[in-house]
Amino acid sequence: MNSFGQKLKFSTFGESHGTALGCILDGLPAGLEIDEKYIQSELDRRKPGKSEFETARKEADKVEILSGVFEGKSTGTPIAMIIYNTNQKSKDYTNIKDVFRPGHADFTYFHKYGIRDYRGGGRSSARETAARVAAGAIAKLMLKELNIEVLSGLSQVAGLKSETCDYEFAKKSIIYSLDPNKEEEQKNLIKVAKENHDSVGGASRVLIKGAPVGLGQPLYYKLDAVLADAMMGINAVKAVEIGDGIMSASTLGSQNNDEIREDGFTTNHSGGILGGISNGDEIVMNVYFKPTPSIFKTQKTVTNTNEEVDFSLKGRHDPCVAIRGTIVCESMAALVIADMILLNMGSNMSGVTKYYN
Amino acid sequence: MNSFGQKLKFSTFGESHGTALGCILDGLPAGLEIDEKYIQSELDRRKPGKSEFETARKEADKVEILSGVFEGKSTGTPIAMIIYNTNQKSKDYTNIKDVFRPGHADFTYFHKYGIRDYRGGGRSSARETAARVAAGAIAKLMLKELNIEVLSGLSQVAGLKSETCDYEFAKKSIIYSLDPNKEEEQKNLIKVAKENHDSVGGASRVLIKGAPVGLGQPLYYKLDAVLADAMMGINAVKAVEIGDGIMSASTLGSQNNDEIREDGFTTNHSGGILGGISNGDEIVMNVYFKPTPSIFKTQKTVTNTNEEVDFSLKGRHDPCVAIRGTIVCESMAALVIADMILLNMGSNMSGVTKYYN
Amino acid sequence: MNSFGQKLKFSTFGESHGTALGCILDGLPAGLEIDEKYIQSELDRRKPGKSEFETARKEADKVEILSGVFEGKSTGTPIAMIIYNTNQKSKDYTNIKDVFRPGHADFTYFHKYGIRDYRGGGRSSARETAARVAAGAIAKLMLKELNIEVLSGLSQVAGLKSETCDYEFAKKSIIYSLDPNKEEEQKNLIKVAKENHDSVGGASRVLIKGAPVGLGQPLYYKLDAVLADAMMGINAVKAVEIGDGIMSASTLGSQNNDEIREDGFTTNHSGGILGGISNGDEIVMNVYFKPTPSIFKTQKTVTNTNEEVDFSLKGRHDPCVAIRGTIVCESMAALVIADMILLNMGSNMSGVTKYYN
Amino acid sequence: MNSFGQKLKFSTFGESHGTALGCILDGLPAGLEIDEKYIQSELDRRKPGKSEFETARKEADKVEILSGVFEGKSTGTPIAMIIYNTNQKSKDYTNIKDVFRPGHADFTYFHKYGIRDYRGGGRSSARETAARVAAGAIAKLMLKELNIEVLSGLSQVAGLKSETCDYEFAKKSIIYSLDPNKEEEQKNLIKVAKENHDSVGGASRVLIKGAPVGLGQPLYYKLDAVLADAMMGINAVKAVEIGDGIMSASTLGSQNNDEIREDGFTTNHSGGILGGISNGDEIVMNVYFKPTPSIFKTQKTVTNTNEEVDFSLKGRHDPCVAIRGTIVCESMAALVIADMILLNMGSNMSGVTKYYN
């Protein structure tokens, strides 16, 4: 239950304030060049403490490969990666030891397991997503060999939406904003929330370019369903849209259908997926994050023993999880596509025969 | 890839115009009374041809249990159910034999598999969802034993949203509308689209009452993620929201967090799920359907050999797939919850010891 | 739990005396010609009542394909197959309704599930293996395209072992004996046991020819491990050997290692598998069956309520399950190899690149 | 493919001469006391270099828990364990860089993956089994809570079989021999082989005491099938027997059936498993190991480029892998039983209702 993927599968471990976190990536084809610097650079995009728009907890998020790579190439065996925690301040959390933080998983973990590692949310902390980014970086290396690219950026901060989708700008923006004209205002919304001891929601947009036709296994491992699974499983995500998403529900069939010409689809309302299978067009989705539940305003809650208390959180937190969450969306999308690429092999006998001859 | 679920797993088979469709439901606990009339009554809710708001294809959707039930009770062995197709008119489809219908899976199936059962969309037809409803009915029988109820209704037709959520009304409404005051107008939107040889989108809302705290397996089989997977995998679905969903992205943490009192949560922005685990509150989600891609207006498309053609569809189609889709959402939600119930057993040693003593 | 395989997966359903049994075969590549007569001919090899060496229950075991095949070819969608039971005599079993037959699953099913379909053993009956043979026949059709052949025969009846392995003879032998010189004596052993109201054990040998190097996924889906799983899971099987098997334990490394020359291995003690991966040589295994537990001698047992009774079985039974079991071994082996063929695609990047270019 | 188990699942990583090896154990119930000293003591039983009967490579096999344990108890989250390699001498292996050692996985890994970590066999080395023992130790801690015990010992060295099954003696025997009267002779066989630059095969016997009735999920996750899978997947194993195993094939039904009395079975030919489900009796199996393929005698083989060579191995190797393999069998058996315990929860509605009330 701590694993994701069918043919390219990763399993993660680790808590926010434990010794280390990491993952095992299993099923990667042998012979792929593993560029460790690239993996680290991807982790650097997600790591905390890079700006005032993120938590003040500084973690180097230095990743080490323990297995599965020999002389710079993948060997087909599982690639284990480890990231030691270096800046955990568990005492920040002694005041939540017996209290359920509103909006957090404290309540549900405690009731499910009867025990809870309260330090920074333990396993439920978004810190675990560092492992997804490490695995996702390797997936991206594999996709690169097939000329597939995964891009992302912040499409919304609080109620303010990006109007353009400039993925190149997003790469450089400190908040990964997709819109050069909105970035300042978006930053400002975050700052104001932070000053008010509050947090804001936001949204990410993910774009996959170059995916071949045919990815996705109907009917219960559809590309869109698995992307939805992958995205909804990211901390704080509450909604996922493929292509036009919710807007589709308000349109007519004649508006929403993408017509087809010799050289492809004339529009892309579908977001590049038809019947759960990629259609060769760009794959597009939107992922919506709730505001960070960690806020400094006093809130009403109960203790482990169901006593009502007024609660004031301490510690260091992201005022807008969507920012760093964007990188996680991108990583998960890459992992899904790489998995689908491998699963798709063997879809028809001509492919099987070609492979074995 | 035609299976769903971990501990309670169902696998479906069958094409729109083949001999039969059906499913195997595996992992159901033994000793559950299997009320066949109830299963049939659930299928009757989804079956086509009940009103002018649905396709004119009439199918009795008579389900037969082939195995796994003995003297009226489940035996713990797989329950196979079969529904024979009785009203397929394959000749309706000879004109699409070599043409890709816009918005349909024709294009993607053909390119993935190199072969395509064009009759009614073959496997990609929503007709397959009858099997899901059959399996879902049994899941609901199991949930009933644990006092868990799954309800649903149409929350939107085209741009028109229901303002109330009257699930009792929805049960009786011919279009499963949740809003007695909007039902007429919603019906009208569908009629108009139909008269214009067009179709409309819509949305469903699903409510799960009585689910215990603790359902959902973090981190990669989270309750919300699996629900998203289940819903997005339904034909024509393009977006899924848990709780406040997209709205959450526009709020502040202080607005979105659900505070906790002795007797539970004071609000339910989260939709009953925190950290991927049910929190004991009502579980709520919204599911958005695109308009039926099958429309009678002339559309531009290409043939199997990539020749551009103007295409006019014939046949019988739902003007708004969201209507019958609602029942499918409800069924899938029931299957997910039942699976999670079984998976949750064994979460902690005290439960294990209790079970074995 | 009623499914087998990873990429080529089949799920079975049905009880000995229920309406029907069958299976869904999922993951078969599209475009394979499905020769229904061949499938039936394979079922005919396993079907009961063909000779005095088998149960007197006559079943036509007529298989019908319900889905997944269009115009004679697989479409990539699940192939459902159904076999209706026609000759069940449930009253044969009323005397075992409340009694646990020694050596049977009656005791364990009842205690696990609290309910038991006692008619012919219900789900635990070897009748279910008809579904495996149907699925296996399709696997063999796929393997044939890749020039891989799976053969089998009876290598032992009671204590009498075949000394030669003549698979062509086995095809024609009424008891599938591998040894023309032992067949008569083997038949006689069965006859004598039958006359004594008893039964005998036996063993099968399976040979896979033409499998490429590289099948098997280390470390926990090894080819030998999965074959062992597949064989041990067949009714009445109590031991599985790969290659020299048990004999290997009594040898020296210098005797057991297969040396390698330009044109391959000089010996085949390993049975064609090294490190869990096929080495290109013939894959060989032995499968050992206990005697049919259904005997007509009086036995001591208890009832559902734990009362001690003397028990005399009625009904129709195979005096030597290994005979028809041989065909099941062969079918399961074919399914494993076909699954491994598909899983192996994507093992290295050069293969992935080749597939997509 | 580097994972084992359904509900209690472990995934391993690491190569013989890489940085570290380890595993993630997922699905362990929360609240179990994790006795780290016990885990280490289990690893100490398997670790190399303890006597002249084992490889001279000394590894401390010091295990560290990285996650999933909080204040001495399991939290329900994945338990990652790591063992750093400390005594690898990669240069021992430069002479096999381009040569396939007979009897080893060198040939098959190279042909499957196109690349091979030749140092000590890389991933195919039995060194990986340290991770299984670590995971198995935790499984045993869980089983202890339910009064289930897993025992093992060496039942055969080369052709010499143990005649008694003294599991207490085996715990103290340096070669884990089950027979105090044969131990010396068994040791001697190993010594002689070693002196002759050769190796010997052997066998292990595993006993599971206290397992409840009902473990095993028919029909394709049967207890015996999964045990066979688990055992055959251990390095160098070539055969697995449940209960009387191969002997059963030579008996009559009247001899092999275990009769039942009020207080249980009168004999245990079945090895405690009927129809793939535990029957409450002792579960017994035998596991057969081929001789270590690593021998120092000159052997004929080929190189990566298929040139014929005479090959002389260097390095440090076990003269009889069955010795340390015994501990691995025991660990794998414990993992299977613990998994089955968890899977069995939910088999019938009365259990489900009991759990939730």
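We call the chains A, B, C and D, going by the order they appear; numbering starts again at 1 in every chain.
Everything that follows uses one rule, which is that contacts are C-beta pairs under 8 Å (C-beta built on N, C-alpha and C of every residue); 3 or more make two chains touch, one makes a residue touch a chain.
Please read these numbers as outputs of a predicted model, since none were measured by experiment.
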In contact with chain A as well as chain C, sorted by label, we have B, D
Which of C-D and B-D has more C-beta contact pairs = C-D
Which chain's centre, taken as the mean of its Cα atoms, is farthest from the centre of chain B?
-> D
Rounded Å distance, chain A centre to chain D centre (Cα mean) = 37
Rounded Å distance, chain C centre to chain D centre (Cα mean) = 26
Taking each chain's centre as the mean position of its Cα atoms, how many Å separate chain B from chain D?
-> 44
Within chain C, the set of residues that touch 2 or more other chains is 1-3, 12, 27, 30-31, 74, 76-77, 109, 112-115, 123, 218, 343, 347-348, 350
The answer for chain C against chain B in the complex is residues 1-3, 9, 11-15, 18-22, 24, 26-27, 30-31, 64-68, 70, 73-80, 82, 109, 112-117, 122-123
Which part of chain A faces chain B closely enough to touch in the complex?
-> 1-4, 12, 100, 102-105, 107-109, 111-115, 123-124, 128, 156, 158-159, 193, 196, 198-203, 213-214, 216-222, 224-233, 235, 237-246, 248-262, 266, 269-271, 274-280, 288-295, 297, 299-302, 306-308, 322, 343-344, 347-348, 350
Enumerate the contact residues on chain C facing chain A in the complex.
-> 7, 27, 29-32, 74, 76-77, 142, 145-146, 212, 218, 341-343, 345-356
